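Next, two complexes with subunit A in common: one pairs it with subunit B, the other with subunit C.
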Partner chain A sequence: MIAEYLFFILIFPGLLFTAVLGLIVGWVDRKVSARFQFRVGPPFFQNFNDFFKLLGKETIIVKDSIHYMFITAPLIAFGMLVIVSVMVGTALFYNQGFGGDIIVIMYLLMVYSVMVIFGGASSGNVYSSIGAGREIKLLLGDELVFILITLVPIIQSGYQLQLTEILQFQFMNGAVIASLSGFIAFVLGLIAIQAKMTLPPFHIPEAETELVEGPLMEYSGGLLAFWKLNHFMMYVVFPLLLILLFLGGFHLQGLGILWAVLKYLLIVVLIIIIKNTNPRVRIDSALNFFWKYATPLAFVAVILAVLGV
Partner chain B sequence: MADNLYLLIILVPFFIALVNLILPVNIRKILTFLALLYGLYLSYQLYVVQPATENFYFEPVFAADQLSIFTLIFIQILSVIILIFSLKGLEKQIERAFFVLYPMTVAFCNGVVISENMIVFLAFWGMSGITLYLFALLGRTADTPQTAKKTFIIVGGSDAFLLMGFVLMGFIHAGNEWSLSAIHISLNSGWAIVAFIFVLMAAFAKAGGFPMHTWVPQFSKDAPVESAAFLPASLDKLLGIYLLARMVTTLFSIDLLVNMIIVTLGALTVITAVMMAMIQHNGRKLLGYHAVSQVGYMIMGVGSGSVLAFAGGLFHMINHTIYKSNLFLTLGSVEKKTQSNNLDDLGGLGRVMPITFIMALIGALSISGIPPFNGFFSKWMIYQGLLQKTAELTAGYQIWMLVCLILAIFGSALTLASFMKFIHAVFLGQLPENLKTVKETVFNHWLATGLLSLLCIVFGIFAVQIPLRLFIAPIVAEQGWAVLGFPGLYKPLLIVLLFLVIFLIGWLVFMLTRNIRYDDVYLGGMSPSEKFRVLGTEFYNEVRSMQPFKALYDAAEKRFFDVYELGKNLTFALSGLLQKLHPGQLQLYLLYILIGTLIFIWVI
Partner chain C sequence: MSWYNKRLAKSIWVFHVSASPCNNCDIEILDLLTPKYDVERFGIKLVGSVRHADAILLSGIINDKVSPKVARIYQQAPKPVYVIGFGTCPATGCCFKQTHNKDYEQGHPIPIDLYIPGCPPKPEAMIAGVAKLMEVLNA
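The block that comes next holds the complex of A and B.
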């Protein structure tokens, strides 16, 4: 029992799997983005090199910051992401519930934003504080859409909350995305996770050109390495969550493995394309977009799901 | 003698309150503390013994079922902890009155929950409202008289409705029955519905449910902070939701439509109050609005008609009392050290008050429903209950229920946002020059907040093992409902333990490779100054100035949605009309007499 849990959490689908796959997908992201800009892009091991190099660098801590908060924030975010990836991963790969259902995941994912805010604002830097304010506003924007789109698979599966039950429903009745409500929800979900990962066009909190990485501005060395790793791990957690909720999970035998890889790559590539073709929007336009356009549409998807369409 | 427990638990604190009138302050403190500890012991005795109904001239007066004992125990626990906070650091001018009112309030609240007779219930309910008014009068701000008046009119006025509701219920029920547990009314006649609405108004006014909530934020702002943590945040919540739980279980049998209306009112409470909380600049008012918004979850849970949500609502009630009094008390510590509760004047205090910061952080994460703290567990239960209920409904009702549910879940994201602002404005960000010399607060303050924070964590991680098994499951069993089962999956202990493993690995990696240098903040070459300070209060200016919220906020700031203001305007309009009828002209009065006589003759 304990050995099994430790395997889940440390190796697969937890720490090691998420970190390594995240860094590899991070390379895909960098390579494709470079191609968009007519550059060559980094070699395969670049992200691993970056991570270990950052670990060896000096960590500068602001003298009158709240040290314990500043240091623990990236580590707490890291632990939380691993837990979520284990919850999603055990359901996908082992068809087994682990520690939490979809509501738990919804609330745990908020912790990431909380930690970005605490880590940034504890340094006492004004740019970080402005970025922290934007981070929480962005969360308000995407959270409403995220709640609505997660309700669609819940409703379609007959109000099941456990990840395994939602998967089971899709094995029986086909993927959620095949219905109209599921399709709308999937598209909106893709946009919502773009904001949750603070990727362009929603990299408003970090906004290199005006806020100089915002909440992450004072981070350096090992702590920055963890923030970067967290960022790449989200490339694993969110696509897998979308696959679980909308694309019917994986059948890991024969051609199923190819399908699994294709599903995952489809979502990652879509994320990268959106990222590379959009400029940053202002925070108030982002809120406007999420609350006045995306939310009503997501609500339509919920109504359609209730009606069984 | 077991049957004396009822009388003792009311009379001991009441007697101490009377004795305290003439004693020196320090002895008042000791006596109050001892009385409350004894009350805690007595409530434990009640929990173990569960004595029979106490009769007086063959009329049942006091009785205790699982629900009352549960409420009673938490009244004692909360009052002991908040008293620990109040022992030192209270303002000198109000100290004498405070320690008279405090045990008296506890006595009345105890009286409410163990009353079996309607009239006794009403008497204690009304008296607890009066002590609330007296606490409001202890405030030292310029708005205190206004606030006290408003509190008294809303809470006292709803007592009048409660009286009328009880009278109606007594008559609707066959026979002259005044015993609460014997009455059971189904909502099939007009008068039954009127009685239901009247009693519901009283419960909402006490607990702070929409639209009777408007006294809570003002009371929180103007009354002493200890009493804000004591009454609107804890005891009044317990009483209001206790009455609501009684209504939906024994007093009335309600149907689906009524359930839906109560749930809708709950969702409206959540969302309106939290939207108002987001834009506040006064820390206490912000917390006051959250004290309202959290009631929405309890109302939704208790009123939804689902067993799981009912249990979750009750669990949320005690969780709320714990974390909200924690937040009020930590803000109180900050306020006593910095002489300000205005969020614009504070900032960066996490550096100088680390213990208070950690306690406030635990409270803030609990109220926002972040796992593994207690607020999450009860919200999780409520959501599951509501979803279970939704699955049984027809499509139209499903959408109605889902809208309420979405508002509730989004409400907790808004709560998180609002508390990020609070934490940022008070504890994070830049420390103003004039607060550089602030020191950590006194021992009894962080003992009290520490106990509350500990409860937040324990009730979150061991929710099933401790609060649900000891208190909530017996209540559900007593109602004859099925045993609680969760359709979802949440194992807080497992999550915490595995999280700690990962956190330690990350920590080790960081510590083994660490190479730390301490340096000044980097601002692109500029030197940090007061001019560049970022106040957390500016976070939501975009939301404030965005249509349609701007119009709503503007209307709300003109108190357009305030029941009290509306009622006041209506009263003044009516009395203005009456004034116009009395111009002092003799001819007109003669005309009135003539008309009156004619009507009289016609009637006869």
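The block that comes next holds the complex of A and C.
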């Protein structure tokens, strides 16, 4: 039993799988972005080289920083993503629960954002602090949308909070996205995920041109390697979560494997296309968008789900 | 170490310091980052913070006013970090050799590992220069 759990956490849906797949999908992201700009793009092992290079460099602990917070923030964020990927992965690949439901997942993903805020605010740099403040504002915007859209599959599956129960409902009655409320929630979910991953158009906290990577600015060496790895791991965690909630999970037999890969690539490519075709929005227009348009639309989706549409 | 140096050679992240340049080289660096030359093929990336950098691109004559700041930037970079003297100015002084605000006989505030001469050097010359750095790292 313990060996099985350790296998879940350390190898298959957990640490190793998410990290390696994340770095590979990070390469897909960089390559597709390069093709968007008529460039050739980096070689296949580029992200692995970056990661190992950063691990071997000197790690500078800033004198003015709050040391324990500065050091632990990327590691705790890494742990949170591993736990979320274990929960989502065991439900998707083994169809068994890992002792956590969808509320735990929402908490853990919020802890990730809080760790970005802690890491940025503790580093003693003005730009990092501004980046952390912007991350808080962005979190205020996207969190409510994210919670509301996860309510839609919960309501449709008869108020089930367990991931396996939601999957079971979709095996019986078809994917949630086939209904109108599910479709609206899926589209809003893609946008909310874009903000949660701080990708363009919502890379406001890490604005390279004015805040020079914001919260990550003072990080170097091994700690920066973990931040970069976290960023790529989110390319695995969030699409798998969307597949679980809206696209009906995986049937890993025969053609089902092909469908599984296609579902995953569909979401990743949609994320990359949104990322590459939109400029960065200002923080006020981002909040405007989330509070004025996205949140009411998410409410509409929830009401439609209650009505059974 | 050779395994690590090979990783480092494949992902050199560059931080650009303009230490009192005439802006000529800086414009040429922007040319280097256009899709036509695409340095991301070699894993080279321009980063905004010196804490992330593996190489410092230094352009300009590094006069007395900026040299303490350049030294401080060099101290802030995580080691190993390589300094690339970019253009003729860091190498020989070019037309600013007899300027009143820089004494070339005293040398530079930081050690420079690699010079890419030219006023300004062409993007091809810059890529060739960084490729020489990669050769040294791979050896």
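Note that in this section the second predicted complex is superposed on the first by the 309 of 309 C-alpha atoms of A that agree within 3 Å, B and C clash if a C-alpha of one lies under 4 Å from a C-alpha of the other, contacts with A are read in each partner's own complex, and residues count from 1 in each chain.
In this section, contacts are C-beta pairs under 8 Å (C-beta built on N, C-alpha and C of every residue); 3 or more make two chains touch, one makes a residue touch a chain.
Treat the numbers as computed from the prediction; the structure is a model and nothing was measured.
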Check: Can A:Asn49 be said to touch subunit B (first), subunit C (second), both, or neither?
Finding: second
Next item on the list: In the overlay, answer first, second, both or neither for which of subunit B and subunit C A:Gly221 touches.
Entry: both
Notebook entry, point to check: In the superposed arrangement, does A:Val116 touch subunit B (first), subunit C (second), both or neither?
Noted result: neither
Next item on the list: Would you sort A:Leu15 into first (subunit B), second (subunit C), both or neither based on which partner it touches?
Entry: first
Item checked: Partner chain(s) touched by A:Glu208 [first = subunit B, second = subunit C, both, neither] -> second
Margin query: By the touch definition at the top of the document, which applies to A:Val187: first (subunit B), second (subunit C), both, or neither?
Written below: neither
Next item on the list: Applying the touch criterion given at the start, work out whether A:Asp284 contacts subunit B, subunit C, both or neither, answering first, second, both or neither.
Entry: first
Item checked: Winner by number of subunit A residues touched, once subunit B and subunit C are compared -> B
Checklist line | First, second, both or neither for A:Gly100, with subunit B first and subunit C second | finding: first
Margin query: Tell me the contact category for A:Gly41 with respect to subunit B and subunit C: first, second, both or neither.
Written below: second
Next item on the list: Could you list which residues of subunit A make contact with subunit B in one structure and with subunit C in the other?
Entry: 56-60, 212, 217-218, 221
Note to self: Per the contact definition, I'd like the list of subunit B residues that touch subunit A in the complex.
What the structure shows: 348, 350-351, 354, 357, 365, 368-371, 376, 380, 383-384, 387-388, 390-391, 395, 398-399, 402, 406, 409-410, 412-414, 416-417, 420-421, 423-424, 427-431, 487-491, 494-495, 498-503, 505-507, 509-510, 513-524, 528, 532-534, 536, 538-540, 542-543, 546
Check: For subunit A, which residues count as touching subunit B in their complex?
Finding: 5-6, 9-10, 14-15, 55-66, 68-69, 71, 74-76, 78-80, 82-83, 86, 97, 99-104, 106-108, 110-111, 114, 117-118, 121-127, 129-130, 132-133, 136-137, 139-140, 143-144, 147-148, 151, 154-155, 158-162, 212, 217-218, 221-223, 226, 283-284, 287-288, 291, 299, 302-303, 306-307
Note to self: Per the contact definition, I'd like the list of subunit C residues that touch subunit A in the complex.
What the structure shows: 4, 7-8, 10-11, 35, 38, 40-41, 43, 47-49, 51-52, 54, 76, 78-80
Next item on the list: Would you pull the subunit A residues touching subunit C in the complex into a rising list?
Entry: 30, 34, 37-43, 45-46, 49-50, 52-53, 56-60, 208-209, 212-213, 216-221, 224
